[in-house]
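Per-chain numbering from 1; labels A, B and C assigned in written order.
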Amino acid sequence: MKKIGAWFRDQNAYFLVGLAMTGLAVMLGILSFFWTPYGTTAMSAAERFHGPSLRHIFGTDNFGRDIFSRVMQGIGTTVIVSSLIVLISAGAGILIGAITGYFGGLLDEVIMRVTDAINSFPSILLALVVISILGRGKQNVIFSLGIVFTPSYVRIVRSEFIRLRDADYIMRARLMGVKKLRILFVHILPNIFSVFWVSVTIGFNNAILAESGMSYLGIGVQHPEASLGNMLSDAQGYLGRAPWYALSSGLTIVWIVLGFALLSEGIRRKQEGRK
Amino acid sequence: MKYLVKKIITLIMTLFLVSVLAFLAFQIIPGDVVTSILGTEATPEREEALRKELGLDLPPVVRYFSWAGNVLKGDFGNSYRFSKNMNQMMPVAELIGDKLPVTLLLAAISMVLIAVIAIPLGVFWARSKNRFLDAVLSMGTQTAMAVPSFFLGVLVTYLFGILLKWFSPGGYVSYKEDFWGCISYLLFPAISVAIPKIAMTARFLRNSMLTENGADYVRTAYSKGASERRVAYFHVLRNAMMPVVTFLGMIIAEIVAGSIVVEQVFGLPGIGKLLISSISTRDFPVVEILILYITFVVIFVYFLVDVLYRVIDPRISNK
Amino acid sequence: MKKKFSITLMALLLVAALGGCAGGKSPEDKSSAPDSTVESQGSTQNQTPAVDPKYGGKVVVGVQQDIDSLDPHKATAAGTKEILFNIFEGLLKVNENGSLICAVASDYSVSEDGLTYTFTLRDNVKFHNGKNVTAEDVKYSLERASGLLDGTPLISSLATIQSVTIVDEHTVQVTTGSANLELIYSFTTAIIPAGSGEEEGSNPIGTGPFSFVSYKPQEGLVVKKNPDYWQEGLPYLDEVNFKIVSGADTALLELKGHSIDLYSYLTDSQAAELANEYQILSAPSDALQAMFLNNKVAPFDNVKVRQAVCYAMDRDLINEFVVGGNGAIISAAMLPTLKDYYVDLNDVYGTGANIEKAKQLLAEAGYPNGISFTVIVPSNYEAHVQTADVVAEQLKAANIDCQIELVDWNTWLEDVYRQGRAYQASICAITCDMTPSYLMVRFQTGHKKNFINFSSAEYDAAYKKAEASMNLADKAKYYKEAQEIFVKEAGTAFIQDPPITIALSKNLAGYKFYPIYVQDMSTVYFINK
């Protein structure tokens, strides 16, 4: 017990609040795979548009479905889908951005042209192309949005690597004969952390919403399975009549993104403090 | 000079690449403009006649090059779906020319909001030693960034439009009819666009300034006896602006390319909305030119960013 | 308003050879008129004119779709026709009862053999450019629309026209290749100035109650009052702005902000939300919503599986969930409003769910453990998406696993409606024309519009008899027979005729619902306050 107490004292408030928020959300998401208070698709004509109450803490939607149960399921789906999107795009972004930024040259030119092309390519058109080639389905939304979001990470990472490649300590490391890969990923990468996390946070938020946009085209999470994005877009139609519908899905998105952002802020500050 | 020539060549290469990709995309996706126009009432004869009329009966390669040739001559062609009058389709240039000012005005207002609020806020924040203020700003900006853009648009509409009645939702007036009326309407979508961007930019600037603060040259400047204020504004800010400029560049490019969600929520007839509807009706000439426009804007903005980099940090051009 | 001659479809079918607008009011009319706005659930709320309608004023009408063409012969989108109805008129025109009234023509007759139509032009009809409508204009318009000018029929139903001749300056004669009683409805095709395909048509010029002012893509179309309109006293309004609204959700915000005065196609809950601020009116939309089952693709190539789906669906509940209980449940491809042809077959599968029967049929069909299929839904139609949600939930009880796939409209056209047709099921609707054949013709074996691949020799025979019948009683009898066959075979799981609900500013009156998809603004006026 003492150890745990000490650990807690060691953490800053950002980290703890962030951990609590994300932790709660993730736990609900995981729990939804085994149990939800009501069936996520169970409809009830008698209970349409019921406001939040003890029976339905987030109220019910246009089909009388329990919004809390759907939010739980939505967290599960959304966290998985968006995390994978961010993982793919941020991973690809770091790899491409680091190499092009550090080495420059022809490779940089070519890759940047392709990135520019993807960047200006409408994601809806890209999604339609992905559907026609790969078919519809959840994995394809992850794939196509992974592509869509990559250029933004490439830009950020690349410009940071350009900035840092000439820094004194990197010069020194190079003179000492440190291997290139080590310079890239051990010496430079940790130093772009703070800048990079901001874009990951934004990217996570964008991924959640882009996913809901994609379900409109037949990829993405399909009805009646809930994702926070498709719940929010369904809720648009009932803003006046059932504001709790939009609020519960919208605020859950805010909750998760904020929790995640605070968590990373906490980690960053801790590192800064150590320095 | 050599630099400029190189940039222009890469611009042309990218535009070519993008136009080919968009053309290919239109070959792949289900449905074409003929199915879209005739819908469920299509007969084979009418389809064939319409294909011929639009020149869609020619082989794809021929079509691409005749289209590209016309674009090079400055002829952007006509929309397949929007008519100008009873027997002429709307020229793409005219169509986009009409929508573009809306998006550009929105972008301009948003950028002014972002620059005017975010940069002072970021500098102030970086210099502030007050832990409580830091926490408030940190939480506030994080929250602003976490709100989905659609949600924010609706909140702004409800608050300013329906509760306070400062503007009437959907009451957009064309910039041609009433310029100031248009600006005052656009202020509200601009607020929706700007809020998360302000938060991002301020955070970005602050983090960047704190990083720079630790750098050698700052310590040198202090040791030479430069005042704190002078260091903050002239040395740190100048260097800290570098990543922020990239970031602002991305934001500008993003807004100028049309912000679909905000245009939708506020009923603005801008570029983003045109792009979406043109894709869904398979209006190829419009989509192609819009994509080229967006590509051009994105590359041009990055080019400006690049030039700014060189101005701010001459070390880069030496490389 | 004063000279409203009407002839109904029924009367026409009975006394086709006579024709004519002026003499149309025969006793048969009243008994057999398909008075489509009356009685169907009693919910149509056409507003009757007040004693003292006010002239003048500007109205903003929110519309959902952008214009696809300003050329009345080339426009195909329902959303465009809905607006152009105010600018253009044909020789004849549909009124709010679904009957034909004379417009540019003042009278007409059809020859005994049904091959020749003779139209007498009205004297005082002027185009919006101030010129009188001449026989030349009528000839030009009909030839252009029917493809006699350049070989491409723009209005496919007019393709049977063989020649248009000018008898004298007030009379035009049309000869067709085959007798078809329902062709008369195609003479609602717009009359435009002769040669307007080339020079004159820099603007859309018609003879309707309003004339074209301006059009801006994605913003809207503005029309102004036609002071020379042939119907005396109409229209009331000076200007109408058909404003394109980007989506149902945006529309709600704009209604709340009072940026639009009139908006159709409200959802049930939007209507509830606006009830205090607007007049809410509703009527049947005259569309047939169904879960279309592909009769050629497993598992729906088995009639028992199709029947099982029909039994398992609880259509009362769909009606309740999606349109607040205001829809009319249907079972076959016929609108209740076409009541002479309609036969109520809702008892065959029941409007509620019969899960036991469904399971039993599935077992008999060789699927004792249930089935699984994918339903494709066009994502731009909110009502269909919601219906899919409800259906998927209902079918679970009968061990039917229904996966929903939302697609964009063009993908739907390509995958479901056109050559592919490899889909299993799709929820959407057939919109109505005023003729019963329009709804039924498509289910004949091998018909090009038969996207469900329904095939029944019995149905084909009954339909052919109905089409060939030259009297109403027989026609009705065979159409009813065809419907019964279709339902027995469970060709598709029909759901309902959903209602259409509009919000109208409290300052306005005189709005009329039509059984076709139009927004007639000519009778709308501001109330004196």
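One rule holds in what follows: a contact is a pair of C-beta atoms (placed from the backbone, for glycine too) under 8 Å apart; a residue touches a chain by one contact, two chains touch by 3 or more.
Since the structure is predicted, the reported quantities are computational estimates derived from the model, not experimental observations.
Viewed as a contact network, the protein chains are fully connected, with every chain touching every other. A comparison of the A-C and B-C interfaces places the larger number of contacting C-beta pairs at B-C.
In whole angstrom, the spacing between the mean C-alpha positions of chain A and chain B is 22. With centres defined as mean CA coordinates, chain C is found 45 Å away from chain A. Our note on geometry: chain B versus chain C, Cα centroid distance of 41 Å, whole angstroms.
Touching of two or more other chains is recorded for residues 29-30, 154 of chain B. For chain C, residues touching at least two other chains, in rising order: 256, 408, 411. Multi-chain contact residues of chain A, defined as those touching 2 or more other chains: 128, 131, 236, 239. Listing the residues of chain A that touch chain B in their complex gives 13-14, 109, 112-114, 116-117, 119-122, 124-126, 128-129, 131-133, 152, 155-156, 159-160, 162-163, 166, 168, 194-195, 198, 201-202, 205, 208-209, 232-233, 236, 239, 246, 250, 253-254, 257-258, 261-262, 265, 272, 275. Listing the residues of chain C that touch chain A in their complex gives 248-249, 252, 256, 267, 269-270, 272-273, 317, 320-321, 379, 382, 385-386, 388-390, 392-393, 396, 403-408, 411.
In the complex of the two chains, the chain B residues touching chain C come out as 29-32, 35-43, 45-46, 49, 79, 81-83, 85-87, 90, 95, 98-99, 154, 157, 161-162, 168-171, 174, 263-265, 267, 269, 273-274, 277, 280-282. Looking at the complex, you find that chain A touches chain C at residues 41-43, 45, 48-49, 62-63, 128, 131, 136, 215-218, 222-224, 236-242.
Those residues of chain B that touch chain A in the complex are listed here as 10, 13-14, 17-18, 21-22, 25, 28-30, 135, 138-139, 142-143, 145-151, 154, 158, 196, 200, 203-204, 207-208, 210-211, 214, 216, 242-243, 246-247, 250, 257, 275-276, 279, 287, 291, 294-295, 297-299, 302, 315-316, 319.
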